[in-house]
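Right, one structure below, let's go through it.
A, B, C and D are the chain letters, set down in written order, and residue numbers restart from 1 in every chain.
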Amino acid sequence: MVDKTASLSEAVSTHLNDGDTVALEGFGHLVPVAAAHEIIRQRFSGLTLARMSCDVIVDQLLGAGCLQGLISSFVANSSAGSLYELRRRVEHCDPEPLWFDEYSHGGMVARYQAGAAKLPFQPIASYRGSDLAKKNPRIRTVDDPYGGPSIHVVPALNPDLTIVHAQRADSQGNVQAWGMLGIQTEAAFAGRRLVVTVEEIVDEDIVRSDPNRTIIPAHIVDSVVPVPRGSHPHAVQGYYDRDDEFSRAWSTLAREASAVSAWLEENIHGTADHEEFLSRIGLDRFDRLSIRDTFSTPVNYGGRV
Amino acid sequence: MTATARTESTAEVTIADAEGPESVTSSELLTIHSARALAARRVVFAGHGLPTLAVSLAQHTVAPEIEIVYESGVTGARPPALPRSISDSILVPGAASVMPMTHLFAYVLQGQRIDVGFLGAAQVDRYGSLNSTLIGSDWDHPDSRLPGSGGAIEVMAGAAEVFLVMRRHTPRTFVETLDFVTSPSPHQAKSAEAGTPPAGAGVTHVITDLGVMTRSEPDEELTLTSIHPGVDAAEVVARTGWDLKVSEALTTTEPPSREELRLLREELDPSRIYLR
Amino acid sequence: MVDKTASLSEAVSTHLNDGDTVALEGFGHLVPVAAAHEIIRQRFSGLTLARMSCDVIVDQLLGAGCLQGLISSFVANSSAGSLYELRRRVEHCDPEPLWFDEYSHGGMVARYQAGAAKLPFQPIASYRGSDLAKKNPRIRTVDDPYGGPSIHVVPALNPDLTIVHAQRADSQGNVQAWGMLGIQTEAAFAGRRLVVTVEEIVDEDIVRSDPNRTIIPAHIVDSVVPVPRGSHPHAVQGYYDRDDEFSRAWSTLAREASAVSAWLEENIHGTADHEEFLSRIGLDRFDRLSIRDTFSTPVNYGGRV
Amino acid sequence: MTATARTESTAEVTIADAEGPESVTSSELLTIHSARALAARRVVFAGHGLPTLAVSLAQHTVAPEIEIVYESGVTGARPPALPRSISDSILVPGAASVMPMTHLFAYVLQGQRIDVGFLGAAQVDRYGSLNSTLIGSDWDHPDSRLPGSGGAIEVMAGAAEVFLVMRRHTPRTFVETLDFVTSPSPHQAKSAEAGTPPAGAGVTHVITDLGVMTRSEPDEELTLTSIHPGVDAAEVVARTGWDLKVSEALTTTEPPSREELRLLREELDPSRIYLR
């Protein structure tokens, strides 16, 4: 048994390099926010971020100067409003241009699937007539050798590093998650390296009591990092609720580039780690985000008599 | 006819019966007409906002057997309160299933398992192509960068039909030429050089604050088929950026019923999260 | 809410037609054996069976004259030996030729994936140099528009009817399963029609207490059929163990075509339904196959306060 | 050299030490040498039968950190008794994960996540191409129909290397030309007209009842590198259907240790399910 637990600071410094493509996935739930903050804290630069559905961390990584590129299919702050740092980069190249490799959600899903499966590309049926296919030269077509119409394809996405967040893992890196699972498993398999942050490291007996709940098997994990409340302001099913107030406040704050810089200076560079960050933004907010318990009915895995 | 900027107004619908007059907001009107259009539909892909509310109302009225699929992979959700977005974790406890995103996009949407997909957009053209990507003429440096496709392209291509809900019917949203074709109509797809033709009919219903437009055949234009009470067809035409066809059998929409309003206001969205 | 429960006899007679392609999936676990027997009982003919990993039911369907074709990637009786009825058909066209559309497991998985996703084909990286690609004209290649080598593709598989077996479902057809899940979800989505047999229909509250356990959502199910012990001689995790004695005995019996006919006459045509079939082969065998309980640790789905 | 049918014999290995002579069966020998070859390997795809046992033995000896992946999607299994096949439900309780088959074939095998894949075959050629499909010259009407590929083609193409275990080393199984190339060697794949080159090195170890053959480069032939005690290299050559290369540094395999035998016989397979 290999113990793969590491601190967040170690995991990020060991597995990320300037200029890498890094995937941070999680669809409004189980988002590796603490990991994004650690990337900012360690002042990485020249990164290309892959993230289907953008949110506050994209604005924050942009504001901190970490990103030269973005691979995405949705660039708003969910229902909370705009991502103004992102809009400044895209609309006005302010402070510098952003390389934006754009797809639809279906296209991003297909890219991760191809990446996980080490295929050069994945076919997708939905792009005929869309300007997205016209704008993005990486969306191509192949002929159907069975005589049907040609079909679009998107290229495999193989991030240098994938980081995802989950409810729990054992110390070997068997990762379990429930609720909305997004594209995490595919992003994990597509990554050349893989770091998983979790709400808690649990005894392997808990994981092994329900092996179908494992979304990522240990043998593809490089580091597993306990980061309680690592997804805030996004929810973690069964742990804490979403903090819409925080997300909405970001869309107000980020209208001014200077406010973004000041926020990052105070809350990220001005804190040693995620725990200190949480104290800085106020632990009392988690009282509002607490949830009531609703447990699943156990299933019987049986055993040979 | 050229689209002209006009002061925006919306239908002013009032129902008057034995209980006395009761005015209806534009959001309520859109939701109620979206719900009514769902009669006889079964599997619905609900984007966030009004569509979520419309599907709930349909479940209580015209389509009790309707099944909702959310973009986050949740099916058969029974949230105790309205979800704040399609990825709100409140959708999960008590739901019938949570699918991985690969299944949702590949097997459900591309797999043609959706009867009606709801979409919104910044711009729509006469054949029902939608723009949710950008405003401006320079794609690389747009005047205004919008959220982008999300799953809209897949909903448009894979759902049997698409309902479009537009809160404001204006010449800036109902345009002759889109600044960017995010989700192409079947007509637009036909004229493209390569790729798989869409499986569905595209946008078949557009529900706005002024009325309802419909179309069904690939090369058919959106036609104004009904207007809300108090709306003039000429006003709808004037507030459309192309020469909008008006049905010869134009009708006026049936005002909301007391029961529809009660359900919306008292049971489905008492805190008026979506009914803003 | 639509109640989709049906009897096995109804479900099979309603959704299957002579000449159909029917997928019966389940990888040594959760196999729709009772459904296969019902197909024999109703004397369907001209069917093409899709089944990755063959077993006794393939020999039985062949012996009963139901099949003109087979789409498969493994044609032995697991660890129990040969499938002699199948070998007679393939080696000696006895009693008549069998159309055999052969792939590897990876190829079958890819075919079902393409079918579920309504893609014309799915790329697969493993066929270069294999005689399987030479023998099967439906394994083709496409050029890589990103400049890499060409890549093999297999065509979508869209059975007219898919039948799978699972532990439980609610009456609307939300299907839950655990243990080894094979290709059931993809086969279900790929099918034009879908029948699911289950060990038990449970209250929807049980299903809804653990929505991540649902492998097939109700909206794609046509009929859901309670068939306790419907997978025998294959195991159902948490319900009963595999009956290796039965499987081994089949490989001995099936050496003689006449023994196969006699067995089918007595045990399938000679029984009204699965319950009577089970009594005929001896319910006491299930004593040997009983399992001890091992329950999963419940997870917390939470809830907004 | 022409393959000649000969009476089959196997190595007769006896260990003799202070505890007195102890004879070792062919199955034990194959399992022990398969386990030894796993030193420094980490992720192993175990077919059913001897490989399962070999991986368990390796876990107890040369490779404590080894992780086993089964074709049924199970990883990290800790079955209380030996599984009767790779889809035995006994593998599941207490396992670390059960992956859907799509993940196993697309992401794990094709995804190049396996260090060593174990395979068996009916025939092998000098470059390590394998036949598990049929015996005979007419593909459509074979003399003997075998199980077919199963996942063997994907293991061969995707695993970094493949270990082949053959219980009987004979000229009918080690052949000049396969009746059917099920799982192609890298050499065979290179000569094909189209498709993706395999990711791995193909068969690097062949462990038989007579000895061990190895190869590493794509165009390298299998070379006899060690023979079991009491086996003559000439006998191995005679029982190989092609002109088998013999390493100049040919060694004799180290006999099983008392501890390896004890583990196999007393802890891992006391009922001799696989050690038949």
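Assume a contact is a pair of C-beta atoms (placed from the backbone, for glycine too) under 8 Å apart; a residue touches a chain by one contact, two chains touch by 3 or more.
All values reported here derive from a predicted model rather than from experimental measurement.
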| item | value |
| --- | --- |
| Partner chains that chain C and chain D have in common | A |
| Chain separated most widely from chain C, comparing mean CA positions | B |
| Pair with more cross-chain C-beta pairs in contact, given B-C and A-B | A-B |
| Chain B and chain C, separation of their C-alpha mean positions in angstrom | 40 |
| Centroid spacing, where centroids are CA-atom means, of chain A and chain B in whole angstrom | 29 |
| Computed distance of Cα centres, chain D from chain B, in Å | 59 |
| Computed distance of Cα centres, chain C from chain A, in Å | 36 |
| Shared interface positions of chain C, touching two or more other chains | 113, 117-119, 125, 141, 148, 151, 178-179, 181, 185-186, 209, 212, 237, 241, 294, 301-304 |
| Per-residue multi-chain contacts in chain D, two or more chains | 74, 89, 92-94, 98, 106, 110, 158, 199 |
| Chain pairs that touch, as defined at the top of this document | A-B, A-C, A-D, B-C, C-D |
| Touch list for chain A against partner chain D, complex | 1-2, 113, 116-119, 170, 172, 174, 185-186, 189, 204, 207-209, 211-212, 214, 216-220, 301-304 |
| Chain C-facing residues of chain B, complex | 42-43, 64-65, 67, 69, 74-76, 78, 80-81, 89-90, 92-99, 103, 106-108, 110-113, 158, 199 |
| Chain B partner contacts - residues on chain A that touch it in the complex | 27-29, 53, 72-76, 78-79, 86-87, 90-93, 102-107, 109-110, 113, 124-133, 135, 141, 148-152, 178-183, 185-186, 235-237, 241-242, 244, 294 |
| Residue numbers on chain B that touch chain A, as the complex places them | 48-49, 71-74, 84-89, 91-93, 98, 100-102, 105-106, 109-110, 129, 133, 139, 141-154, 156-158, 180-185, 188-192, 194-199 |
| Parts of chain C lying in touch with chain A, wherever the complex brings them together | 117-123, 125, 140-146, 148, 151, 153, 155, 167, 176, 178-179, 181, 206, 209-210, 212-213, 237-239, 241, 290-305 |
